[in-house]
Structure formats: C-alpha cells, structure tokens
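In structure tokens below, several structures.
Both of the next two complexes hold chain A, though its partner changes from chain B to chain C.
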Partner chain A sequence: MRELELYFGPQHLGMVGNFSITLKVEGDRVVKADANPGYLHRGFEKLMEQRSWIKNFPMVCRINVVEPDSMELAYATAVESLAGIEVPERAQFIRSIYLELARVGSHLFGLWAYSNMLGFDTAAQWAMYHRDLVLDLFEELTGGRVYHIYIWPGGVRRDFPEGFEKRLVETLHSIGGCVPDYDACFFDNRLFYDRAAGIGKITREEAMEMGGTGQALRATGVPYDVRKIEPYAAYDKVPWEVPTREDGDAFSRIWVVRDEMIESVHMIFKLLDEMPKGDVYNRIPNPFKWRIPEGETYVRCESSRGELGLYLVSDGGDKPYRVHFRTPSYPHGLTILEKALVGESISDVGNIMISLYVVAPEIDR
Partner chain B sequence: MDRALIDSLSSTFDALRVEVPREDRLTVQAPRDAVMSVLSFLKGRGYDHLHMVSCVDWMEEGQFELVYVLSAYGTGQDSASNPGEEIILKTRIPRELPTVVSSISLFKNAEPYEREIHELFGVRFEGHPRLTPLFLERDYEIPPFRKDFDTRQYVEDFFGSIPPVGEEDQDV
Partner chain C sequence: MAKPSLLGPLRVIKYLFKKPKTLRYPFELKEPARRYRGFHLNDWDQCTGCGNCADICPNDAIEMVERPEIAPDPGEKNERPRLDYGRCCFCGLCVDICPPGSLRLSRDYFHIHFDTSTFVFTPRDEKTDDETFLPAEKYSVLKASLAHRKRDYQGFEPEIDYALFDPDRVEMPEVPPEERKLSFVEQMLGYDREQAVREAERCLECALCEDACPAHLKISDYIEAVYEDSPEDSLRTIYEDNPIPAICGRICMKHCEDACSLSIRGEPLAIRWLKRFVSDTVRNYRDALEQSPGEPTGKRIAVIGAGPGGLSTAYFLRLLGHEVVVFDELSGGGGMLRVGPPRYRLPEEAIDKDVEYIASLGVDFRFQTRVGRDVEFEELRDEFDAVFLGIGLTVSRSTRVENADRCQLALPFLAKNKTEEKCEVPEEVIVIGGGNVAMDVAREALRLQHIRYPGKRTVTRTVSLEDWDEIPATEEEIEEAREEGVEFNPAWGPKRVVLDDQGNIKGLLCMKVNSVFDEEGRFAPTFHEDQEMFLEGRMIIEAIGQGADFSFLPKEVMERIEFTEARKVRVNENGMTTVPGIFAGGDIVNVNLDAVTAIADAKAASEGIDQWLSGGEG
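The block that comes next holds the complex of A and B.
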C-alpha cells in the first residue's frame, strides 16, 4: 500500500493545544510519527533571565496553562533553597491543599479533553462544570481564576479567608457525590473500554527508558510519585496511597487519573484536619532589591502530569542566571508519543496523545 | 548519599570533582571525554532515570556547561540507589566549536533535550540522528539562548523593520 504523509494538527479536531504531529500512514495505520512542537514557543526561560526574581512568578504560571500551581511551587522552592528561606508549617499545609485542589482541577480538565475527544459529551460537560466550581474556590482564595500566583518564597500570599474551609469541603463533597454518575456514564461504560483498552500501550521498561513519569508510568504498575519518594510541603504529614494500574494502555492511564482525583480529595480532608495554626509566610528581603546568593539548585515536585523539575542557577545577582524546567510533557509528548503512535490507527492518535496527558505549552515553554 | 558510590566513583575515574552539597544530592564535575563513561557507570548502579539535560552559558569564562540530572526509579533488584537522591553531572566545554558525544545510546529521552540545546545554544552532539530545529522558525546569527544574544535588540531590529500598517498611504 502507498505511504502518505499526514499533518495532524495544529488545527485538527482531535488535537488539543497548539501542537502538531507529522504522520506517515499506510492505509489508516501509522508507520512513523514526528512530534512537531514550536507553535507556542515564547522563550520564557530566556525572558526570565531579564526579570528580577519576584517578577518571574507571573511568567512561570504561564508555562502550564492548565495547572500553573506546581510551576509556582517549583520556582518558589528553588528560590527558597538558594536563598536559605524557611517556610512555616501552616504554609506547608496550605501549599499541599492548594496543590491538590489544583490537581483535581487539572484532572477534571483532562477528563473533559479526553471524554470530549471520544464523543462522551455529557461526561465532558460535567467535568468542565465541576472544574469551574474549583476555579471559583481559587478565585476566592487568590483573586485569579486561572493564574493564581499564590505561592511565593517564604510561604503563601495570604491565609484562608473566613469560612473558606467550609466552602472548600462543601464543593469537594458536591463534586465527589457525582463520582457514581461519572462511573455509570463514562468509566464503566463499555464504549470507553472498547475505544481505550489496549490502545497506546507502553510497557514498564519502555516507559522507564524514555523518561516516563506520572500516569504514563503509574499505569504500568510502578508507584513512582515524587510526593512519596522526596516529600515536600506537607505530603509526609498524612497517610495516602499512590494509585496504580498494570496494563499501560490509554484505559489504565485514564483510570489512574480518576483514582488520583479521589485520592487528592481525601488527602485535602485529612490535611484540613491536621492543619496547625500560625503564620503563613516568613518575611523575605525587599523583593525589588533582592539579590540571591551565588549557586545552583535542582528541585522537583509532582505535577498533575508527572515529575516537574527545575534547574536554577544564580550568579549572585538580582535576576536568575539560568532557568530550565524539566516538564513532564516533554518526554511524554516527544519521545514516548512518537513511540506509542507507531502501528496505531489514525482515529486513535488524539486518544493516545490526550491519554498521555500532553499539554503543548509545557513542551514549548 | 551512599558513601560506597562516592568512593567507587573517585577510584574508577580520575579527574572527577565530587561534592555532596546536601544529604540527598551529589554533584559530579567531569571532563568532557569522561561524560559517557560516568553516565554509563551511574546507570549500571541503578541511576536509570535521566531527568533532563541542560546547558548554561558561562560567557565570561568562554565555556558552556552541560548538566545531566539523574536519579533512580528504584524498581531494580539493587536497592542501594534511593529514588529520593539526585546526581547532577556537569561538564565544561569550550564556547568555540562546542561538541560533545550524544547520550541517546544510554537514555532515549536525551534526544529532544540535545536537539533543543543544539538549537538554542549551538552545541553539536556527535551521533545524534536528527539535529533539526525543534522550536524556532527563523535562522539566527547567534543561537538565541546564548548570553550575547540580546532579545530586546533583536525584537527592535526584526519587528521594527516591518512598516506599520497604513504608513505607505501617509507618504502619498
């Protein structure tokens, strides 16, 4: 059969985000896939070298549009580790709660993208609505709906407002109450199984040799989670589990996402019970005249897509010397995606890409 | 950090500078020729997860610094490597004609990182199968992430040379 070249994205119904894949197809089977990022490259890491330490917070948020909060955390902890700043215990708890809330919001968005792509419009609309409830909570806490700029060096910007904890619990209960509906409509639906089981399969060895983390790895049975292996914020203060699955296909990855969301909600309840009283930030020097001691650091955390790392170098000045983010979508969207697409049908390209949880701005930066 | 690992690193390789800045962190400074053998040594010891390859431009010293961040997945039989520890391997190469051997044969996910560093810093990776552009659409005289590339000047020169809409009409 004749081989054809097919451009999948950046303007394609099955594509989420500004990303394209150049496919070589034979019939409707993919023979070779070339991931093609660059539609969104803003050179943030270079721009950050020209702005003072504190002014970079609005920039790091925009690297991952869907979940900006773990970016804030990575940058704030890197600055803290270079400058030797401690974070009060209450702020550690608030950070964990805030990050788990962000994870729920991000997973709901991912669920919208995935179920929408498969044609499950009802579940997709529910997920978008529930994400909006999470955004309302963020708006009340931080003033922003999408980009929050809430975590900063030394703690968080402000304490929970009056009555926030009650509204947080209520909202999470009302979202959690819909889990049986989601299951009936989507997760236990035979059509979802038929479309996703065995699709985009990656073995454990393949995932590990290509730098996979997050759902891509946990769906192959490896309980690898930075929150467990190198705990930060308050993740070592309460008990929680790392959900895994064994098959390594799109079906398993989306189920890991579902289980993770539920685990996050339970974790928020546990953290709220244990939360101590006290300050929420330690004073930092005047941010406009702030010079960070010379040095380099590497920090990592678990974003909703996998392991997020940041290599930060200071030359002792008032601006970073070099910033480099290790974003989880980078290996997932370039190395693993190119491998996972080979041999699959054209109709499953979007399925595999979204189940790998690739978000294009993270790759381009 | 495992003491035995540090000892065997310094006894296997000469000219390594090994530091322990934190309990769970190891920084290794290696000469360019030793990078591949150190990476393969560490991979054999269970450090099988390459986080990233990065590059820092130390313009005043006339050098690029390549940075490899490694840790362990912790799934192997050998439990000596703890997944909570990271190893940062650094090597300095001259800014004039910078070349280094590609590490794809050891870590497949090094491919896009090396491609990016080639594009943004102009470092050549020997043995890399596709050093084609990844992000950028135009050609640059100086690779744009080098310190002597002035972003603001470039924006002024490049976009400033495009006449504003309607200017031709005003001249008439």
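The block that comes next holds the complex of A and C.
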C-alpha cells in the first residue's frame, strides 16, 4: 500500500495545542510519527536569566497554563533551597492543599480535552463547569483564576481568607457528588471502553526507559509518585494512596486520572483536619538587593502530568545564572508519543496524545 | 476488566430537566472574589511618588510620570505611577512593595476600546476622582471601562505581614535605662558590621530621603555601599556633602528618616546609625578619603565658630584651595555641639575625630580665641578676604519670672558638666522647658543625682508650656527620658520661683496653660491664672531657648546687617549677609536649628565665598 505523509496539527480539530505530529501512514495505520514541538517557544529559561529573583516569581507559572501551580512550587522550593529560606509549617499544608486543588482543576481540564476529543460532550461540559468551580476557589484564595501567582519563596502569598475552608469543602463535596454520574456517563460508558481500551499501549519497561512518569507510568502498574518517594510540602503528614492501573493503554491512563482526582480530594480533607495555625510566610530579603549564594540545586515535584523538575544555578548574583525545567510533557509528548502511535489508527492519534496529557507549552518553555 | 454496559449512560438523562449552569451575561453577573486582582487603584493622597512599584514591575508596565497639579510635601515627589495595561500581568507585586500601601488592585476588569492609547492609564481612586468611580446607581456594566468604574470596589490589597519590604529595623544595641542613668556612658552602642549590612539591606533606594535632607546627602549611595560591606566607599560618598559624619551619625535631626518610605507603615531605615557605623568603622579617614586641598588660590577666609557650619565651610573652602582659619572660644571644635549634647549622646572623641580630619587638610584652628576679646573683628576684616559667621546660639534665655535670677541657665549647666568639675545637684531638680535642650539638661541632672546620691530616691521633673501633643522635643528623647525616670509636667507655665526663709530655692509655682500659640501660630502663651500647682525642688534650671551673641561685631557692621522677621540674619542664596564679604550660616540664619541645616548653609556659603573671591557676584 502507498505510504502517505500526513500533517496532524498545529491546525487540527484533534490537536489541543500549539503542537504538531507528522505521520507516515499506510491506509489508516500510522507507520511512523514525528512530533514537532516549537510552536510555542517563548524562551522562558533564557528570560529568567535576565530577571531578578522576585521578578521570575510571577513568570514561572506561565510556562504551563493548565497547571501553573506546580511551576510556582518548583521555583519557590529551588530558591528556598539555594537561599536557605525556611517555610512555616502552615504554609507547607496550604501548599499541599493548593497543589491538590490544582491537580483536580488540571485533571478536570484534561478530562474535558479528552472526552471532548472523543465526542463525549456531556462529560466534557461537566468537567469544564466543575473546573470553573475550582477556579472560583483559586480566585478567592489568590485573586487570580488562571495564573494564581501564589506560592512564593518563603511560603505562600496570603493566608486562607475567612470561611475559605468551608467553601473549599462544600465545593469539593458538590463536585465529588457527581462522580457516579461521571462514571455512568463516561468512565463506565461502553463507548469509552471501546475507544480507549488497548489503544496507545506502552509497557512498563518502555515507559520507564523513555522517562515516562505520572499517569503514563502509573497506568503500567508502577506506583511512582514524587509526592510519595520524596515528600515535599505536607505530603508526608497524612496517609494517602497512589492509584495505579496495569494495562498501560489510554483507558488505564484516564482511569488513573479519575482515581487521582478522588484521592486528591480525600487528601485535601485530611490536610485540612491536620493543618496547624500560625504564619504562612517568612519574609524574603529586600527584593531589590536580593542576591542568592552561589550554588546549584535540582528540585522536583509531582505535577498533574508527572514529574516536574527544576535545575537552578546561582552564581551569587541578583538573578539566576541558569534555569532548566524538566517537564513531564517532554518525554510524554516526544518519545513516548512517537512510540505509542506506531501501528495505531489515524482516528486514535488525538486519543493517544491527550491520554498522555501532553501540554505543548511546557515542552517548549 | 469486564466490558461495561451500553445502558449505563442513561442514568444521566435526569440532567435534561435541570436548569443550565451557564450565566446569561450581562443579565446575570458574577461577582469577582474579594481578593480579585483587577485594575489598579491608587490613593494619591497617600502615594509619595517613590517609584518602587515601577522598579519591581516584572513587565515594565509601570512608569512614574510627573503630575504638575500635585504640590508634593517635603520628602515626596509629584510623580504618580502610570500603568500600561498592554503589559501589566496583574501579578500585584507593585501592591506588595508599595511602602505607603496606597496602590491596590480593584475588582474591575472591563475595558474595551478601539484606541489602544486608552490602555495607558494613571490610576486614582474614589477619594480623588468622582468622575471615574461611580456609586452603584450610576454604574452600568454595559459602560464599564477604565473611565467608568465602581466605587468602593477594592480587590487585592496590601498587607504589612506579606509586604516585600521589611518594616522592622535592626535594633540598635543600647545601654538599658537602669544602667545608663548611673553614668555618662554613651547610650547607643552602635551597629556591628553584620547588623549594619542587615539594616542597609532594608533600603528600597527610592531616594525620597535625599530630597528631604537639607544638605542633600547621597543617602541611597552610601547606604548601598554599607550593604556592599564597603564602609570606605560609603565614607567617600558622605564626605561629598557632609564633613562631620561622626557627629551627624549621632545627633543629626534626621529629616531623611522622617521622609523614609519605610516609615509610613513601619520603622524608617536607621540612616543616622548607619552613618555613625561608617564613621566608627573607618578608623583612618585620611587613608579612606585620599583627599587633598585644591591648588592654592592665595585667598584667605576667616571662619568664626567651629560648630557644624564653621567646620563645613572650612572643609569645603579648603578643598577649593583657599586658606582657612577657624576661630573659636572653646578648647576644641564642635561649637555648641561640644557644649550642648551630653556625653551619653555625643562623646568628645567623636567630635574630635571629625575636627582632626578637617585640620589635617590644612585648616588652621585657633581655639580659645574669642573674636571681640582675643582678636578684633575689624582685624579679621582687614587680614582676610572674606569672613564666615557660624557663631550659633550661645546665650541661654531666662523666663524672667520672679526670682528667676536664682535659677541656673541650661548652657552653662551643660558646659560645666563637660568639665571634670561637674555641677552640684540637690535631690530634687526642676527643669523648665520642653525642647531637646531641656531633655539634655534633665537627663544630665538625673545622672548627676544618681552619681551624687547613690541608692537614694531623687526627683527630676520638667515643666513645659506645651502639652504632650505639641511638646517640641523629639519623641525618642522624651521616651528615653521617661525610661530613665524623668517626670513630666506638660501644659504648666512658671509663675514664680519660691524661696524659703533663708533665701534658698524651695520650688516653682506653676499655673495651668490655656494655650501656647495664638491663632496665627505665633508664640503667645495664655494661662488659667487661678489654677496653680507647686513643684518642690532645690534647684531650677531654665532651658527655654537660646539667642545669639553679636556683641563682638562693631556697631557699624551690626547696623548694616539685616535681620529677617524671624530674627535671623538675612543672607542671599550664596550665604552672604547684607554686608559684602561677610557670610553667615547655621542657627543664626536658619530656623531648623540643627547641624545638618548648618552644613547645607555652609555648602551654599562656601560656594558663594568661592564665587565672590574669584570676582563673581556675592
């Protein structure tokens, strides 16, 4: 059969972002896939070398619009480790609560993208609506809906406003109350099973070899989660589970996302119960004179897409000497995706890509 | 996993009968959260124009623009931040750095316009802008824009606990009141290197202080040098404008700290103590400053008085190459600062350090030489090309109430305490006056009492016409005096000094003050004659102000010197009096009556003298 080259994206209905894949197809089957990042390169890492330590704080979140919060955390913890800044315990709890809320918001967004792409409009709209409720909470806590600019070196930017805990619990309960409906409509829907089961399969060994983390790895049965193996913020203060699945296909990955959301909500409730009183911010030095001692650090955290790392170098100056982000979408969107697409149908390209939760902005940075 | 059923999704059919969640904008509106980060609000009355918001903005969205309609107070600028909403990312760092807390964000976020220039906007708030900020009944979301906003719609606001500046200063180590009142030991111990760097780090470099300083020292530069751990560089910067840092580092009236941005919601930067740190740390000024007098000009200038004004004039003129001779009746430099401020505030060693450096540049000091007694003023006029009068206020005034001649006067009292002899004090002392000199007198008397009567109960009280809210002494002087145990009797005026049968002082009869100033703000005290109070005391010291002694001036010169309405010597912008060749500065010229203003006068006068001597206009 004749081999055809097909451009999938960046202008394509099945493509969520500024990203494209060049497919070599034979009939309906993909023979080879080449991922093309670079449509959204904004030079953040280089830009950060030009800006003072404080001026980078409102910027890091912009690397990933879907879940800006783990970017904030990575930057804040890296700066804290280089500058030797302590974070109050309450702030650590708030950070964990905030990050889990972000995970729920981000997964809901992912669920919208995925179910929308498969044509499950009802579940997609619910997910979008429920994400908006989460954004309302962010708005109340931080003043911003999308870019929260909240976790800064030394702690968090403001304490919970009055009555926030109550509204947080209420909102999460109201979203959680819809889980049976989500299940009926989407997760337990036969059509979803038929479209996703066995699709885009990667083995455990392949996932590990190619740097897969997050649901890409956990869907192959590996309970690998930075929150567990190297706890930060307050993740070691309450018990929680790492949801996994065994099959390594799109269906398993989406189920891991679902289970993770539920686990995150439970974790937030536990954290709220254990949260101590006290300060939430240890003042950083005068931002106009702030210099950080020479040194380098690598910090990592579990974002909603997998392991997010930040390598930060200071030469003792008033701005970073080198910044490099290890973003989970990089291996997922390039190596793993290229592998997983081979042999699959053209109609499942978007399916597989979104089940890997590839967020193009964080590949490009 | 078993294949799920095809019928499962039927469960959600119930949603067909539910109300939609989508808001029907603009008929249904959603209220932004209380902390929403929308457009800026700026309280123009509170904003000082410091520009910290513009400095921290990560997107260069803020520019400080001059607003001619604003008449800035001293230590403020008539600049206000202007936002470019094409660049702003609404992060709110500008809010968290704003020292007065005038800049906030509102919950407004609508602005739709064809003209992109309307996105460049100078924010105000409802306090000063009625046209933009409308009450609920006049506001319509359909017209919402930067020029049509809601009143009382504040969002993200500044909170001092989360401010990006540090409102608390590094505490100055000091001798505790119980210990210091027993001797004349210097109260403030001075910052060490680590403390000084930490304090200097607080500076936001907005430089409002430099405008407020009468002598316009380059404060942010020399503070920055302290932060960089380079006191020598700092000293060089200080000496460009102020040649007596060891003195000013202890007793300056610190107009700069009043203007400091940090003082609005916190404690001002300890600019004075940092100057003191620099002068104390640099042991050898000469090596650090590497200054030498300018090329000899052949001109000679006589400076009368070795106070701050005289010392500074001598220094600046010497650097220009002129020959300078300073006359002073005291045994060392410092002028009234050698007599007035007690040892615990300003030790002689600090004064001598500054004076010796000026002398090392080749300034000729003639101490214990009183003009008019040891040398005639006319001789100076003949011998020198110009004369600078920096004679200060050397004569204590008296209340002139009945038996006031039995009282002591402040300056002789303070002067004697600078000698080994020290004044004899009884167990009960009354000080009349509420100014800083009265505080010096009271606190010295208290120390002498504690030394003379160890372990005994002694009483030191002050009486001042002014009530607490208008008492002229600085807050810290009053606080320190109270800590040491000085009693205050504000709003009482002396009526009569009461004597006992032997003619010794028994106490002071006081009457209640009605008002101190008249409607035009002039000093014109009125009393409730019927409300009297008797204060016991065996010694009364009057510290109600000082005057100048012009007796050394020949009559014909005195007649030609003009005075202002405030009884100050009138000088032009070059510091020259109405008599050509005679210049003046310091307390006889300005109303501030402090060292740093004398330095400012000296700067003007030394430039004026130089110009005049090189043939320019005086």
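Keep this in mind: the second predicted complex is superposed on the first by the 365 of 365 C-alpha atoms of A that agree within 3 Å, B and C clash if a C-alpha of one lies under 4 Å from a C-alpha of the other, contacts with A are read in each partner's own complex, and residues count from 1 in each chain.
Here, contacts are C-beta pairs under 8 Å (C-beta built on N, C-alpha and C of every residue); 3 or more make two chains touch, one makes a residue touch a chain.
Owing to the predicted nature of the structure, the values given are computational and were not obtained by experimental measurement.
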First, second, both or neither for A:Tyr147, with chain B first and chain C second: second
Partner chain in contact with A:Ala184 - chain B first, chain C second, else both or neither: second
Chain touching more of chain A, residue-wise (chain B, chain C): C
Partner chain in contact with A:Glu165 - chain B first, chain C second, else both or neither: neither
Touching partner for A:Glu89 - first (chain B), second (chain C), both, neither: neither
Which of chain B and chain C A:Gly211 touches, first, second, both or neither: first
Which of chain B and chain C A:Asn286 touches, first, second, both or neither: second
Touching partner for A:Arg157 - first (chain B), second (chain C), both, neither: second
Intersection of the chain A residues that touch chain B with those that touch chain C: none
Chain A residues within the chain B interface of the complex: 37-38, 41, 43, 45-47, 50, 204, 208-211, 222, 224, 229-230, 296, 298, 300, 307, 309, 311, 313, 321-322, 324, 326, 330-331, 334-335, 364
Chain B - residues contacting chain A, complex: 24-25, 48-52, 54, 56-57, 67, 69, 73-75, 83-84, 86, 88, 107-109, 111-113, 133-137, 144-145, 151-152
Contact set on chain A toward chain C in their complex: 51, 54-59, 122, 129, 136, 139-144, 147, 149, 157-158, 161, 180-181, 183-186, 188-193, 197, 279, 281, 283-289
Residue numbers on chain C that touch chain A, as the complex places them: 1, 3-6, 8-12, 15, 21, 32-37, 55-56, 58, 89-93, 96-97, 105, 155-156, 159, 161-166, 201-205, 227
